[in-house]
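Working notes for the structure below.
Note that the chains are named A, B and C in the order they appear, and that numbering of residues resets to 1 at the start of each chain.
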Amino acid sequence: MNWLSQNLHIVWSLLLDHLWLSIVPIVLALVISIPLGWLAARYPRARTALLTGTGLLYAIPSLALFIMIPAIVGLSARSPWVAIIGLTLYGCALMVRGAADAFGSVSRETMLAADALGHSPWARFWAVELPLSGPVLVSSLRVMAVSTVSLVTIGAVIGISSLGTLFTDGFQRGIDASIITGIVLTVVVAFAIDAVVLLLGRLAMPWQAAVRA
Amino acid sequence: MIEFAAVRKEYPDGTVAVEDFSLVVPSHAVVVLVGSSGCGKTTLLRMVNRMVDPTSGTVSIDGDDVRAMDKVQLRRSIGYVLQAGGLLPHRTVADNVATVPVLEGANRREARRAALGLLERVGLDPALGDRYPLQLSGGQQQRVGVARALAADPNILLMDEPFGAVDPIVRDQLQEEMRTLQRELGKTILFVTHDIDEAFALGDEVLVLRKGAEIAQRGTPAEILAHPADEFVSRFVGAGTARRTLSVREVDGRRIVVDGDDRPTGVLAE
Amino acid sequence: MNLFAEALAHLFDPASWQGTNSLGLRILEHLGFSRAVLLAAAAIGIPAGVLIGHTGRGRGLVVALTSGARAIPTLGLLTIFGLALGIGLEAPFLALLVLALPPVLAGAYAGVEAVDRQVVGAARAIGMTEREIVQRVELPLAAPVLIGGVRSAALQVISTATLAAYVSNTGLGRPIFQGVKAGDYEVMLAGALLVALLSLVVELVFQAIQSAAGRRAEPHTVPARASARAPERNTA
């Protein structure tokens, strides 16, 4: 506690770094995965290509990915964008399959009904496919969000600051409290973001609760 | 008026759903296509709103080839009722009914208000408007499906086994109400079913279809029952079975109708 | 791309593969260490998961463990264990075990639980003992999903073993962290490429094993893609 009270401002600023390094990739990965998942759900060929690709991408250790990214896109090795790009890729690797399953879970009959009513493909996507894929989409978003929050810490070993910095600093200087603070805060952030996703999901999908009741 | 002129549908894998089909559905009439599953009846229905495009031949509405029309606009101008209602599970009942008017740019609140009126029209309590489809019984969902098809006041209704998923008692009720509604509205209705009793109950004209949508017989229910064209139709309508061979018997001064097994089925109206 | 060329040159330089700093040695360390963690995780996780799946008791525990574990940052565990246990293999071993256990447990549990209860009932009806039911019925049928869990754990361990070098100077993380310390990007990149390659190879090997198991469990169907589904993962 003593350590924490003396280092509150550092912890606070690392927490903010961590939040932004988590939220940006989570949002980006979600936005990218939705169209890719839709393609994978509708076109078998795209499915094979996308799922194989994301599966292999996912097999690459995140530390290795963080190290390769500067060489590929020409960033400085310690730029926070390295983590953002890496985690976005990772998030997509996790999410594209989930999004494909989500769009695959929309019943054919309902889509047929939507067509028969005269939805244009664009209207059908927004009014029918996206909302109905919502429940599965949200559950894979939750997995992705929690993983991302935890993975942000890895960047610390190559100098990208986040709550992970509390691990590397704490280890080098032999301060347990620093590491424990980092672990606890990371878990808290993960669960907080998870709760926000869950809540937003409930607000966006009122029919779920109504039908369950 | 809907006209099918020598339409054929062949899928890329070589299956022929419809061989060569021609038909005129006169305005304000109910024409029922009846046949076993896979006979191509649903394919025919879907050609009307271009969910399926024929490989050859044309479908036209009031003389205009549907292929010249914009698919989306065409579909919004035709009411379509699917099995189990085909309701959108994530929209309230009122929003489901209001779907097409809202797609057409109607004010959402007004469209919802009109939807409540339509619910009443199909025999539902407007208070159900705020429920979600899965909170309704099968029969109620089916009525919502009909209300939704009527929402844009289309001239044509396409009905694809709309009452197939409800129990027989509810089905009878729905059929009865559909007849009442049709007497008031006078829509042009193309109706698909595999149930010959339903076809006879609703159709001004009935077409019994064989595989490939070949017309085995076409006529009023009475004509088909009286003179089944061939063995196939005869078996399909159950001619000659106990259920269809009725006779009259005098019991205590009243004339009772009995079936081939001597089971009473009704009393002859005097 | 120039940087990649330099990294590749480093990888193909025979000097990188000789002596105590040989990359070959690092690969062996990396694989040996990962194998040890994985075996320990399997030794604990498979019996526990099978038991939970067979008896149906403790389901909540599996769910809580797998979703909770995802939130725990492995680097945090690694460093705190490192401080507590000192420099050596114990700290990374424990940290990675915590990482590897949930997917193994979940895979074993989910695989057994998914076996058709009627099949199990039939096995009992023809007089199989509980042990025989587990060995001859549930395990073979659960194999694809069970192996899926192990595969997912293997992938995580291989990936995260890179971090072990942060506290214990072993495995393919070593050249990476040497590069980090010396500010030598090309050495870091060479290490990263190597560990990425290793992970991909392990992933492909497990994919092959899993689809073979799938063919055995369900010989009449196409090897089930759904069952090949690796559980979620929280990797470094």
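Convention: contacts are C-beta pairs under 8 Å (C-beta built on N, C-alpha and C of every residue); 3 or more make two chains touch, one makes a residue touch a chain.
A quick note: this is a predicted structure, and the numbers were derived from the prediction, not measured.
**Q** Find me the chain with the mean Cα position closest to the mean of all the protein Cα atoms on display.
**A** A
**Q** Between what two chains do the most C-beta pairs come into contact?
**A** A-C
**Q** Suppose each chain is reduced to the average of its Cα coordinates; what separation in Å results between subunit A and subunit C?
**A** Distance between chain centres: 21 Å.
**Q** Taking the mean of the C-alpha atoms as each chain's centre, how many Å separate subunit A from subunit B?
**A** 48
**Q** Take the average of all CA coordinates in subunit B, do the same for subunit C, and state the distance between these two points in whole angstrom.
**A** For subunit B versus subunit C, the centre distance works out to 57 Å.
**Q** Where does subunit C touch two or more other chains at once, residue-wise?
**A** Nothing qualifies.
**Q** Considering only the defined contacts, which subunit C positions touch subunit A in the complex?
**A** 1, 3-4, 7, 67, 70-80, 82-84, 155, 158-160, 162-163, 166-167, 173, 176-177, 180, 185, 188-189, 191-193, 195-196, 199-200, 202-203, 232-236
**Q** State the interface residues of subunit B toward subunit A in the complex, per the touch definition above.
**A** 49, 51, 72-77, 80, 82-84, 86-92, 99-100, 103, 131-132, 134-135, 148, 158
**Q** Across the complex, what residues on subunit A touch subunit C?
**A** 55-56, 58-65, 67-68, 70-71, 77, 94, 143, 146-147, 149-151, 153-154, 156-159, 163-164, 167-168, 170-171, 174, 176, 179-180, 182-183, 186-187, 190-191, 194
**Q** Where on subunit A is subunit B touching in the complex?
**A** Result: residues 109-110, 112-120, 123, 127-128, 131-132, 134, 205, 207, 210-211 of subunit A touch subunit B.
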